[in-house]
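Multiple structures are listed underneath, in structure tokens.
Two complexes are shown next, each including chain A; its partner changes from chain B in the first to chain C in the second.
Our next item is the complex of A and B:
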């Protein structure tokens, strides 16, 4: 055990791991404790970025870049759009019942205790080192198009269905509550006769 | 080396627990969705850690995490669309005010 700890301390990889892990945990805790919604999204983007760094440490380069693109880019922006399209009053106005929040804290603490004890109690077998990082993207692409091609194609169908469903869901009220559309159109319809009138006035002048 | 796997799993457990707490306590629906994304990220971290330090290290864990990321992106898009539709109907984005099913 002591030589393990020495190995832990001396390794440069573990130093990078600890810095990135501290960034991730601090970002997550800030996400919980901030009061403004946009600040929460930005601190969660910090978590996503540091997790991408951790993926780089784990020799998963392609997944790290996908993480930056999809999570830190797309999902954060999507959530910011979601925030901007809805109105948020003060986030934490202590309306949340103290008892419920305390119960959630205790439940999550218990969950973490169980997970931690399970992780500590397991004897992990040392694997033989495999070079996962060399030609990472090439090998992932080969795996995707040979062994996992059916889930890959199903995933494309799922993405298409989900995005069409998202568009329909976000649009449906627009068609249904069509009272908003004529309201916008009626001023145009009213203003439309105004234009010939002005022209007529100009012609008269 | 196995201690590295344990520390990665511990980090994933911490992030998962924080995300779970956020889902249970936050009022804003956007933040609930974001906390779900955090939990999915913790799962991804587990998959990638096992793809390097598992018994048989291979790239399959990374492929699975790619699938998870794609499904999470679809889930986030549908979730935000449902949130916007609900907001148009109800005029609020707080999850504790969506209680139609409560008698």
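Our next item is the complex of A and C:
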């Protein structure tokens, strides 16, 4: 294990970082411990917004606001699904098995170890060497279309495939005479009667 | 103001920033008060009525009285409502509305933050308000407010995409997301504004913006005749005032954004008129945008939910994408 050198400098950035980190962790814990889906989604929003704040501290403004833009919309959608697919007044009972929580603990520990070692082992570029805040949109664009153009194109193909798949699925439902609308039309109204409670159960476990 | 912002951050500077923020908050509150007054007056005139006339000269103190009434009203929270979220929802709806104003440049010197991702900042923060509206609808524990909240979310998410895509053409022409750079890229004659090269983008932007504001003809989330009042049925007193405030601050924001992006910001319409200060031109264009919204409200009927969705996804989105493509081709041909 690499040696730890935690020499913290107490300035505004550090304080802001710790506040955001605490918000993110509190949000994540509340997300797991709440029982109503809407409460969970709100705490998830807190996590995402705190992460955006951390990106801002790292001078990655573009990434921070894209994070907010994408996840704020995603959270609203998730909230709607949470409202539609779970019962409003039912309090869920938690059935936690001891074996499962032990396995989860080991899994989390392993994940933390892997991430921690990987982060400690990475040689990061010195942030002082290049000013990140200036034109970071331009830099991301340049890198995306020169060095990383092949993964970028592959991703776009993947997304197109997923998109067409969604349309095909929605279409085949439509022809069988069910009441669900095609995917693009109403993100709210689709497939509510088809899968009544499955998503809710997944979230509560 | 730019020199002030670029200083190092100390306690003293922090207090100065806070002071400016509060001054600006009061300017915005003043705008909201008189925007409501003018909305009632303009709609009254368009419908052969007088609008408010009683309180003060020409009824000018009517809105102030209304706000005062809202503030002294009993603050009710329904017994079966989700108390914490019920209280939180107006805050989540309002804070982003005020925060987006930070990045708008009013003149070449007056303005708050010149972010290099200004446009993205606007789009990102305004989408947080949707969460507040859905939460308000859900936390009220009322069928109508839930319906209103759901409609609002569907609408705001669907129209956010054409709204952001419609300004991509401008971003490509200017090579920057900074609102200040976008205004500086436009000239002092009205044919040098982004309005004409980006006329298609402008039309998509206006339609999507009106829809994002939940105003007529896209006011389905608060359709009085079918949903009582939509997501804020159960709200009263100052919490209700906060939703109204958020709505009108977005009117301010979207009008300022339209002015900045398409109507040349502080530039005069003809180079000869350059003697008139830029702030005045900004205010004139901005007021026209606000008036346009009131005008629409007095003129158009509300559209149906299915029409709303098919307009957003089948008309505006393809047009916005085609606009990006055509702009890219034109830039490639003409700028070489």
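Following the convention adopted for this analysis, the second predicted complex is superposed on the first by the 114 of 205 C-alpha atoms of A that agree within 3 Å, B and C clash if a C-alpha of one lies under 4 Å from a C-alpha of the other, contacts with A are read in each partner's own complex, and residues count from 1 in each chain.
Please note the rule applied: contacts are C-beta pairs under 8 Å (C-beta built on N, C-alpha and C of every residue); 3 or more make two chains touch, one makes a residue touch a chain.
Note that the structure is predicted; figures quoted are calculated from it, not measured.
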item: Which of chain B and chain C A:115 touches, first, second, both or neither; value: first
item: First, second, both or neither for A:79, with chain B first and chain C second; value: both
item: Which of chain B and chain C A:135 touches, first, second, both or neither; value: second
item: Partner chain in contact with A:146 - chain B first, chain C second, else both or neither; value: neither
item: Partner chain(s) touched by A:24 [first = chain B, second = chain C, both, neither]; value: first
item: Contacts of A:123 with chain B and chain C, given as first, second, both or neither; value: first
item: First (chain B), second (chain C), both or neither touched by A:68; value: second
item: Intersection of the chain A residues that touch chain B with those that touch chain C; value: 62, 66, 75, 79, 83, 88, 136
item: Chain B residues touching chain A - in the complex, by the definition given at the top; value: 1-11, 13-22, 24-31, 33-35, 37-38, 41, 44-45, 48-49, 51-60, 62-63, 65-67, 69-78, 80-85, 87-89, 93, 96
item: Touch list for chain A against partner chain C, complex; value: 12, 36, 38-39, 42, 45, 49, 61-62, 65-66, 68-69, 72-73, 75-77, 79-80, 83, 88, 133-138, 184-189
item: Chain A-facing residues of chain C, complex; value: 9, 82, 85, 88, 115-117, 120-121, 123-125, 127-128, 130-131, 134-135, 138-139, 141, 146, 150-151, 153-154, 156-158, 160, 164, 175, 177, 305-306, 309-310, 313
item: Contact set on chain A toward chain B in their complex; value: 4, 7-8, 13-14, 17, 21, 24-25, 28-29, 31-32, 37, 40-41, 44, 47-48, 51, 54-55, 58-60, 62-63, 66-67, 70-71, 74-75, 78-79, 81-83, 85-88, 91-92, 95-96, 100-101, 104-105, 107-109, 111-112, 115-116, 119-120, 122-130, 132, 136, 139-140, 143-144, 148, 151, 155, 158-159, 162-163, 165-167, 169-170, 172-173, 177
